[in-house]
Amino acid sequence: MDIEWYLVLSALLFTIGFTGVLIRRNPVVILLCLELMLSAGALAMLAFSRMLGDQDGQVMVLIVLVVAACEVVVGLGIVVAMFRRRLPLDVDDMKELKG
Amino acid sequence: MTALLADTTFVEATWILVVKSILIFIVILSVVPVVLLVERKLLGRMQQRYGPNRVGPYGSIQPLADVGKLLSKQSFRPKAAIPFLYEIAPALTIFSAVITLAILPFGDVQGGWGLYGIDVPIGILYFFAFSSIAFYGLLLGGWASGSKYSFLGAMRSAAQLISYEIAMGLSLLGVVMMAGSLSLVDIVKAQGEIWYVVPQIVAFLIFMVAGFAETNRVPFDLPEADAELVAGYQTEYGGMRFGSYMFAEYMEVLIVSGIAATMFLGGWMGPGPSWLDPIWMLAKMLLLTGFFIWIRATLPRFRYDQLMSFGWKILIPIATLNVLVTAVLVVAT
Amino acid sequence: MSAATWGWLVLLFPLLGSLLIGFSFRKIPPKVAGAVGIGAIFLAFLCGIGALIAVQGEPSESRHVASSLWEYASVGGFTIDLGIYVDPLSVFMVLVITGVSTLIHVYSYSYMQSDEGYHRFFSYLNFFVFSMLLLVLAGNFALLIVGWAFVGFASYALISYWYRRETATKAGMKAFVINVIGDIGLVLAAILIFRELGVVDYAAVFEKAPEVFSTNQWEVVAICLLLLVGAFAKSAQMPFHTWLADAMEGPTPVSALIHAATMVTAGVYLVARAHPLFELAPTAADLAAWVGVGTLLVAGTIAIVVTDLKRIIAFSTMSQIGYMFVAVGIGAYSAGMFHLMTHAFFKALLFMAAGSIISAMANRQNIDHMKGFGKAMPFTAVMLIIGALALSGFPGTSGWFSKDEIIDFASFRGGMYEVMAVGMLIGAFLTAIYSFRIIFRILPGKPCDEAQYLIDNGHVVHGEPGNPATGELEDTEVGYPGEEHHIAEQAPGMKIGMAVLGFLALVGGLLQIPGVDEVITKFLEPSFEDSIFVNSHPTVAEAWTGLGSGALISIVGIFTAWLLYVKKPGIPSRLEQRLQPVHSLLVNKWYFDEIIDFLIVNPVKAFGRFSNEIFERYVINGLTSGTVGVIRSAGGAVRDLQSGMLRGYAVLMLFGVVGLLLYFLIRSI
Amino acid sequence: MTEVAFFVGAIGAIGGAIAVVAMRNPFYSVLALVVHLVFLAGIFLLLRAQFIAAAQIVVYAGAVMVIYVFVAAYVGGIEEPMFDSSPMLRIVGPILAVALFVEISIAVLGSSLTALGTDGSDKIQGGFGTPEAIGKLMLEDFLIAFEAASLLLLVAAVAAIILAGRKKAQKEAA
């Protein structure tokens, strides 16, 4: 398989994930879409790693995996905390930063 | 295909692979009913009763009758259930169980045939990857049934599975470090001098305990604790779908026994000519399966909080310590 | 074991000790913490000896071992290793540092006994020693900077150790700020070295430098000048010396450790280590020497008039380091190192003795109040005299050999270096006067109240805890030595530390007798064999002539001191009145603080005030109130964008990304 | 054969991804992401990253997504109301996203990457992407990154406990 296929697939997955972030309002789903974007990045990294014959990219993916896990843990912690406080689970209602 | 198998050490022609996979599947599939029968018989004996003895001589074709019964039942689906997921869940469970069979080695390469499905370099990680998938079979089954008991059982089993998977992985790490490879074939070969059950006895015990939890067997059968949850995640299932769960559970018992035999008991190694190798492996597997049955007849069930604190506060620390000590020893020697 | 292994072990023990003591705070009793601290440094010392043996076991040309433990950073083909460089010079420094530090730890073990922050103190001390060892063992300029900055921080922490005392925290900050100025110089130097040579490892830099640079090419001069900024700041040379006297706010063992024996010599070490660069930039080297001469004279004159006991010793430290700078500036590297070693012995000894007296004086440090301690504390008195003799270069003591070797070398080189030699002789004369000024003012005579109390009761006055600088009362939590405080006569730890140093200060010079043994020179030879001065040194006869004149000057100086402070004690005060302007110039340390305040601090402050009062009030406020309406209306427009809506922000971001990508795509066509 | 595997994987991954975005019940989104990740792991295998593929399944499907399942089950499968307070986003967002995709594709295809049109570097040796090779890299060249990542995990775990854990005051009130 040519490398560009993987790269285009990665771009497509990234775009889908980004779209999800834009149109969904449930924080859990937004986190899921972030995962999509991260895994798209991982795919690109692996494709480049294969392209250059250098395994550093694979290690980078592992690190991204860990970072994603951290992000999930904290993000879901926030979701649970919101739920406990009976806040609506809708990112549009979180407007503390409104100017 | 070439890319997929680029790093496997020994790959046969495609037709051999197909034949092998069918062969393994048939062997295990025919072992499962035997195990079922043996379990019921043994349990009966241990509890001062006979066990099944009506169908066939000494009840020997009882499993066949059971299968026939399950097959002929109506495939019933509760109204609250979610159609597609409800149906796919048992299939997922049995899929993840069957696919793990591929890496169990029944012997080395003999006459151009590797006596195993495939020898992947990631070896034991393969097993863990698919036991992660197995989780979704249980979870979907419980969730899609649309029943409280099912869902509670599914949640319990989910928490239990991921908790004990850590201890399980850590316990195998010691063996992997000693063998210096993840490949199961290499690990068996590395046990030429001594079976790892001796130097890694702690890991073996942890693995067995975690194995009981992973397969939802007594004393860790809380997901399907019939006294509390009716039957856990499979409450709403009947007919062959229930049969699939049942089969998958026994297959997982066999697989855990197989992994334990491979990692700790020298796999196919044994006295006698090399054609005996698969027999030895199977014998070791069945011996460990017998152990599973024996424990079922002996021990009471844990309480749920005891189960969790046992897993997190006792098993994982001990397993970690075992890894550390092994690492130091491996580096030192 | 190889020398490199020993080197790593030297680094390991103090770090472990520091962490162990720091983390076991309140978990282990103070005595154990102290013992751990001492043990860690002593083990490092033993490893230093191991390294010495390992290095000496090698043939002379292979006595440089570079060992890299880890790749610290690797960017675009350029790597910085976490590596050390073990050669006779660094081993020499390691031995001096760990040896003196061990004794100072032993001294502190008793001295700080009743301090509230005993753990903290030993943790800091061990960390300091670790940083210092990292500095001298570093194998490249990057790691050197790390050690350099660690040392600066450790010094800050130790000077401000009594953190409730405002003068102490201020002194700590002053030291830190000036040290950071030095750090900046060092960092810039390292960057310049990397730019010109493409490497930062010592070995590679010194190998490449002669090929790349011609003598006095401006780049190498700039590098050396920047290195000198770092060296001057750390070693308290003009004009970066003002922090040293203030640093006396720290506990006395700290003064002994940092501000006498180890940290302040880092600059000297740096110049000696980078001598291949300095030899390519004679201008910078000469500048270093001239600054050294200037500092030693200025500090000497100040030391004659100030009355604070610890500050006198601090100024004498500056002055002695001036000698070392002259030495490394004119190419007498091993002489400089030799003086560094002997100075470490006698200056640490002087500080310890001073600490003993100060604690007997209930923390008062003004020598005008001290009298008759010769009778009250005979042991301390003997140690003080030994220290002063060595400092003033009395014949036979260690200071005599080391100081005069530098002067000899300067006069041997002739020309303008002859002028330096004369300056240094005047400095030596001043040194003799001020060091015996201490002796004659506080040892003989009728004991003062505190000394009398000590004689009568056998323990020290329980004074109110107070700040020696301002005299204000303080709460005891800052770590006032406390009621149970012991004096050197009674505390075994202090006694041991002083006795060993006293012995070393007396006989240390015998290592290097011209024409007899010259152990130090021979040992350091492999480190300096690439020097252009390696084969030029004064003959034995010249050296002995120099030693003779040095002895003469020192004896004359001591006699003058005797004349001024014992025979005719009226003279100093009359002189003081007669030469009022000069005296106040000296008492005020040549107004260096004021000059710096005037030149740098005040303009900055004034600028700040101006910004605050004029610019801020009229210009900014005027502008703001004028424009606030505009901004408010504009803000109203932009505010809608600040919806607080996550997805809105995400869209904006995506918009930006798409736009940027589009820009790049169009540009690339 | 590789092509078939790639397209099966790609279709599965894209389908999963679209389902994540399109499903209205978060629980289904979670399941869709699991499907996506499993297919993506298959694609990783094609790129000779078998260790990463296994790690992806063990870590993501086996652990991370389990947390998602728990949280989705805990907060309940709340379906989003169809009403959107900012309907513009529904239109502008996807348009911009498509623009981004087109741009990245042009950038990738139009660039002069040497390996375009090939399977990638032919310099790779056996053992590429195996646990041994990755482990060696991880614990030698990337040890600091590795340690930093583990530290990060620890911090995140503590943060999650503090965020989601019941506070004492809440307990007493309840």
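So that you can tell them apart, the chains are marked A, B, C and D in the order they are listed, and the count of residues begins at 1 in each.
Just so we're on the same page, a residue touches a chain if its C-beta (ideal position, glycine included) is under 8 Å from a C-beta of that chain, and two chains touch if they have at least 3 such contacts.
Remember, it's a predicted structure, so these values are computed and weren't measured experimentally.
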Quick note, more Cb pairs in contact for A-D or B-D? It is A-D
Just curious, how far off is subunit D from subunit A if you go by their C-alpha centres, in Å?
6
Inter-centroid spacing, subunit C versus subunit B (mean Cα positions, whole Å):
68
Taking each chain's centre as the mean position of its Cα atoms, how many Å separate subunit B from subunit D?
28
Chain centre separation in whole Å, for subunit D relative to subunit C (CA means)
54
Multi-chain contacts in subunit A: which residues touch at least two other chains?
1, 18, 22-23, 25, 92
Which residues does subunit D have that touch at least 2 chains other than itself?
2, 46-48, 51, 55, 63, 86, 89, 93, 96-97, 100, 104, 119, 128-129, 141
Multi-partner residues in subunit C (2 or more other chains touched) are 645, 647, 650-651, 654
With chains as vertices and touches as edges, which is it: line, ring, star, complete or other?
other
Interfacial residue positions of subunit C with respect to subunit D in the complex
71, 645, 647-648, 650-651, 654-655, 657-658, 661-662, 664-665, 668
Enumerate the contact residues on subunit A facing subunit C in the complex.
18, 21-23, 25, 30, 91-92, 94-99
Taking the complex as given, what residues does subunit D use to touch subunit C?
86, 89, 92-93, 96-97, 99-100, 103-104, 106-107, 110, 141
Under the touch definition given earlier, write down the residues of subunit D that touch subunit B in their complex.
1-2, 5, 27, 31, 34, 38, 41, 45-48, 50-51, 53-55, 57-58, 61-63, 66, 69-70, 73, 119, 126-132
Quick one: which bits of subunit D touch subunit A in the complex? Just the residue numbers, please.
2-3, 6, 10, 13-14, 17-18, 20-21, 26, 29-30, 33, 36-37, 40, 43-44, 46-49, 51-52, 55-56, 59-60, 63-64, 67-68, 71-72, 74-75, 78, 80, 84-86, 89-90, 93-94, 96-98, 100-101, 104-105, 108-109, 113, 115-124, 128-129, 133-134, 137-138, 141-142, 145-146, 149-150, 152-153, 155-157, 159-164, 166, 170
